[in-house]
Amino acid sequence: MASVTIVGASGYLGAELIRILVNHPKVDDIIPSSQHHANKPVSSLHRNLYHVFNRNFEYLDIAKIDSDMAFFASPPGDWLKEVPGLLERGVKVITLGGKFRIKDARIDRDVYGGYENPALLGERVYGLPELFRNEIKRARFVTNPGCYPTSVILGVAPLIKERVDLKKIVVTSISGSSGAGSSPSEFLHHPEMGGNVKPYNVLNHRHRPEMESILGEMAKREVGISFTPMVGDFVRGILSNITIFSESPANVHKTYEEFYRDEFFVRVLEDGPEVLPNVRNILCTNFCDVKPLIDKNSGRIQIITAIDNITKGGSGQAVQNMNIMLGFDEKSGLNLIAGHP
Amino acid sequence: MASVTIVGASGYLGAELIRILVNHPKVDDIIPSSQHHANKPVSSLHRNLYHVFNRNFEYLDIAKIDSDMAFFASPPGDWLKEVPGLLERGVKVITLGGKFRIKDARIDRDVYGGYENPALLGERVYGLPELFRNEIKRARFVTNPGCYPTSVILGVAPLIKERVDLKKIVVTSISGSSGAGSSPSEFLHHPEMGGNVKPYNVLNHRHRPEMESILGEMAKREVGISFTPMVGDFVRGILSNITIFSESPANVHKTYEEFYRDEFFVRVLEDGPEVLPNVRNILCTNFCDVKPLIDKNSGRIQIITAIDNITKGGSGQAVQNMNIMLGFDEKSGLNLIAGHP
Amino acid sequence: MASVTIVGASGYLGAELIRILVNHPKVDDIIPSSQHHANKPVSSLHRNLYHVFNRNFEYLDIAKIDSDMAFFASPPGDWLKEVPGLLERGVKVITLGGKFRIKDARIDRDVYGGYENPALLGERVYGLPELFRNEIKRARFVTNPGCYPTSVILGVAPLIKERVDLKKIVVTSISGSSGAGSSPSEFLHHPEMGGNVKPYNVLNHRHRPEMESILGEMAKREVGISFTPMVGDFVRGILSNITIFSESPANVHKTYEEFYRDEFFVRVLEDGPEVLPNVRNILCTNFCDVKPLIDKNSGRIQIITAIDNITKGGSGQAVQNMNIMLGFDEKSGLNLIAGHP
Amino acid sequence: MASVTIVGASGYLGAELIRILVNHPKVDDIIPSSQHHANKPVSSLHRNLYHVFNRNFEYLDIAKIDSDMAFFASPPGDWLKEVPGLLERGVKVITLGGKFRIKDARIDRDVYGGYENPALLGERVYGLPELFRNEIKRARFVTNPGCYPTSVILGVAPLIKERVDLKKIVVTSISGSSGAGSSPSEFLHHPEMGGNVKPYNVLNHRHRPEMESILGEMAKREVGISFTPMVGDFVRGILSNITIFSESPANVHKTYEEFYRDEFFVRVLEDGPEVLPNVRNILCTNFCDVKPLIDKNSGRIQIITAIDNITKGGSGQAVQNMNIMLGFDEKSGLNLIAGHP
């Protein structure tokens, strides 16, 4: 049995970690931490947890965490400096923020700034289990992928060894509004967002370097992505539409089925243009639905993926990583199924 | 032709006033004022007005307004003290905030506090044209009704002379999220409001005294309303469900048809239980759809009404009042029709 | 371990039964039946179950079902005639349709028509575990409550022994669109329902007699309910607003807390007017959130409840009933927690 | 003053034509025709028109139409054969269905099949006023563009003379649910569509040949479009995200501003990446909002456009065409402004 500390438990990713861990058969202690909300019942903020998780937020000295696992669900900040100490003391660490996801120190600095630590950056493992399971197994420090990168990298990965043009990948992603977190803003004020679909950060979303960097490393060639994120009028989920040009598109469906044959959480949909992913089929689950298509006329491969940004794109994947790092069954606590409808 | 000044033009009611007045055949000057956003293009905030209304917000000395009509679309504040001066100088005034709507000075003070002025309160006319047209015609100072009160008072008014129990009226109203204005809040943060329906202020919404006061004056007997407001996952509109107990419910449909026979903006729906109001049929229009029903078994009269909270429940009605006060055709500028769908 | 047959597994209630039972620790065989969709993969209709439940719909001779438990998730029909035979052969039966929920044969016939069987009607137990747990424990044949009745009866039950006016209960319920089932209709065509809120069946919804009958039996006095159902722009959930007049409203919050003290699935929210139910907190779960309030001025007790119409208002409650009938832990398989957000 | 006949007035495009024409200063007779709904009040189907348009649907002999203008808002059918006769008798015709939009007879036949008439196809003018105003002015027979093509062609047109790769255009469009018309379907059943985003017809949407054909003609070179349509959880509007690769992207913003300088209905948004189109700003209006962007690193030009699929993408544009064909002010009846919010 494992004990777990959640730093930044007052946000949406924190709420989702608790939601999952409460039913996790191998976790017997969940310590929810929040400096801002210390001593308030967790369920006073996360009303879904009322009668389900009866603890208060705690004010924590991060340096003194002594759980088996620490999740950092808060944005990158000074607390990152405590990570080396925690690792030394045997606490395994998963961060859900963006810092250190990108291995190239220069890009990491450009995108995220803040605390530098080459040793830590060198040690970090990118926590996408379907692609880096072995590294995660041996890791003490895992950076959980971003939500958009999860949906795009899982969609593109089976093709990086194929003869496709990785420099002109075009991605349009529609996300639910929860992706921006729990702080109210004019952009996500309901009267502005209801019945709407709104592009944002179209030229410079910071998840683009993450995608290009991870895929580039895997492919060992340059990857260029035109990335357009949008928010749709729904709360959870990301649907990514990925276009890749190819001189000789092969039978991509078979390629994808084989690539993900042993993966429980990546569901390659049945062949044929009728069956397509959507965000409701994977709502509140750790699944990534993937559909590759070929347009023979245009020499285009199109891949559509769907994940829940908070689960597979966040806390679900973090628990999946924890399971691997602590030697549990990778699916523990993640037997989450969307409703129909 | 009339000139119009809008104080507080940066909010949703201000935007709607401009949207309507831009097409008004009798208005040739619209001065949009906002202290906070002075000198910014109006269309930088109200993107709907891009290329349609090309003025900047102005910083205004309220005391010096010299338009024919001044709309105060901002919340009650110190500017109220300038109203008497404006009236004296011949500027007619319509306020869209709550202050002075309730004739009983004590209740007005309890609910809204702030500036007191018995003479002004005595002069004010409650701007519900279907019920107080003659008073409005002669008025210099009109307080535009609240959105919920508009939907409830128009629903109940035809019955106040009937033998019904006005002390046990039960109202549940579902409003779009725009009713709370343009300031972001946790309550209306899209991730919290999308796919949801949320009651709020259930025991003490300040629109309840307004309904009770206006209906009570008309009926000359005590009116008691159990009022439950909710926000639904839509942006504009209010649907009110009104239950009134009656010993001998008469043919209410005919009563309503006769009561509103000459009213263009109140549409009494066809008889029969199948045809019911909804908020899409009156979206962005000045209509109030009304449906009275009788349940003979239970001695209950049920009235369902639908308005757009921003138009008939706000700026549309304000323009309707302006038309009456300035002697224009009451429908001028208000030929707004919802789309289907 | 138990085996379970689901008749009518192609609908939304069938999908939800499978979603829950797939993770149920005491169920090892789930037989999904559908005459119309026989031999198609269940997951071709219920895309949420892809890779999770890999069986085909089966064409079933109902008379020959030999599972421990049979759920009838289809609308009332001729199959009802097979129930006595199944019971005799030791198959326990839970029906999710309306037939036989109302004990008064005359009302049952008026509302549902069809097959009559006084013995079966006499034997049936109304499957609301919080109120009829002991009867359910001994039952072979349970009629699962309707979704609206679940939300209303649980809201009113703690008051039936109090001095309140049960003949003038006023209920407005807002339901998600899934309540009407999976058959497309103009009423629920997305262009007609998106961004809308629509009342329907306002005078004669067939769930009203069910509420009045069950509450009347419990209270041993006449119960009269003014019931207005509406559909809001969300998929799952019911929020019910219940108004009850009372001469001397007591401390209802304490009354409710005590009444539901030992109930896991009924969560009485904290005292005070700020904390109110909404449909997202209980989404896809078996919880019923309940909030009682007193308006001392008006002598009104107001109760707001929220359930998921498909789970606590349908298949979740059915599994809760199954657990009781088969001697399992009542919560087995029902550790479902809504996400936040 | 003109008289107008609408064939197929019972659908969404028919409703929108009436909504606009009712307020049109130059139209004094609107004849709504529907074989299926003949003799029913138009407002019994289009509830928005209650008390606004008090005519019944008429059963019409199409050959005998003698209005100044006939709109065919119904899907392509046998009635097309009557068009030559109407034209000969001086009735001008605008069709809103797809037939004859594509000038290449072979493609037109492949995509739409049905009635062939080379003379009619030769005569037809493609009704995109911003690009073909002069032809429309002289036309008797105009085929109104499809909704997706309107949003894409207006987005790409300013670039066709530039050095850009027109063979690898990538388009993802998110449409409101009204695009598929008023017939209920499982795909658009609210429980399936609410809170969702769903791609469909991803490889073979019939609007793709229309875009490629019109743009190809204008550019006099081959145009290839990867087109992915999706439906989002909103009712009206299309947001199109268009990616075009270019060796030397120039100052596209200026190019667009100049191209559309004299166009009232195409609003090129202010320069800078923050100001982006969305579907609410143009809701129920005839505007097309356009935003061109350059990503210098990737050599990508990105254009985002937004229209209302029913107005600028359908009936609004049809009225715009009518105004041009009949010599009215092009903006007559089209002073429609979206609300904020």
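Each chain carries a letter (A, B, C and D) given by its place in the written order, and its residues are counted from 1.
Going forward, a contact is a pair of C-beta atoms (placed from the backbone, for glycine too) under 8 Å apart; a residue touches a chain by one contact, two chains touch by 3 or more.
Just so it is clear, the model here is predicted, and its values are computed rather than measured.
Chemist: Suppose chain centres are the mean of their C-alpha atoms. Which chain sits farthest from subunit A?
Modeler: Taking each chain's C-alpha mean as its centre, the farthest from subunit A is B.
Chemist: Looking at B-D and A-D, which one has the bigger number of contacting C-beta pairs?
Modeler: A-D
Chemist: What whole-Å value do you get for the distance between subunit B and subunit D if each is reduced to the mean of its CA atoms?
Modeler: So the centroids are 36 Å from each other.
Chemist: Just curious, how far off is subunit D from subunit C if you go by their C-alpha centres, in Å?
Modeler: The separation of the two C-alpha centroids amounts to 46 Å.
Chemist: Taking the mean of the CA coordinates per chain, how far is subunit A from subunit D in Å?
Modeler: 39
Chemist: For subunit D, write out the residues touching at least two other chains, lowest number first.
Modeler: Each of 12, 178, 182, 191, 194-195, 233-235, 278, 280, 341 in subunit D touches at least two other chains.
Chemist: State the interface residues of subunit C toward subunit A in the complex, per the touch definition above.
Modeler: Residue positions touching the partner: 12, 15-16, 19, 22-23, 46-52, 178, 182, 194-195, 235-236, 264, 267, 269, 278, 280-282, 284, 287, 289, 310-311, 335, 337-341.
Chemist: Looking at the complex, which residues from subunit B come into contact with subunit A?
Modeler: Residues 12, 176-178, 182-186, 188-191, 193-195, 233-235.
Chemist: Of all residues in subunit A, which touch subunit D in the complex?
Modeler: For this pair, the touching residues of subunit A are 168, 170, 172, 174, 191-192, 194-204, 224, 226, 228, 230, 232-235, 237, 239, 241, 243, 245, 273, 276-280, 283, 293, 295, 298, 300, 302, 304, 341.
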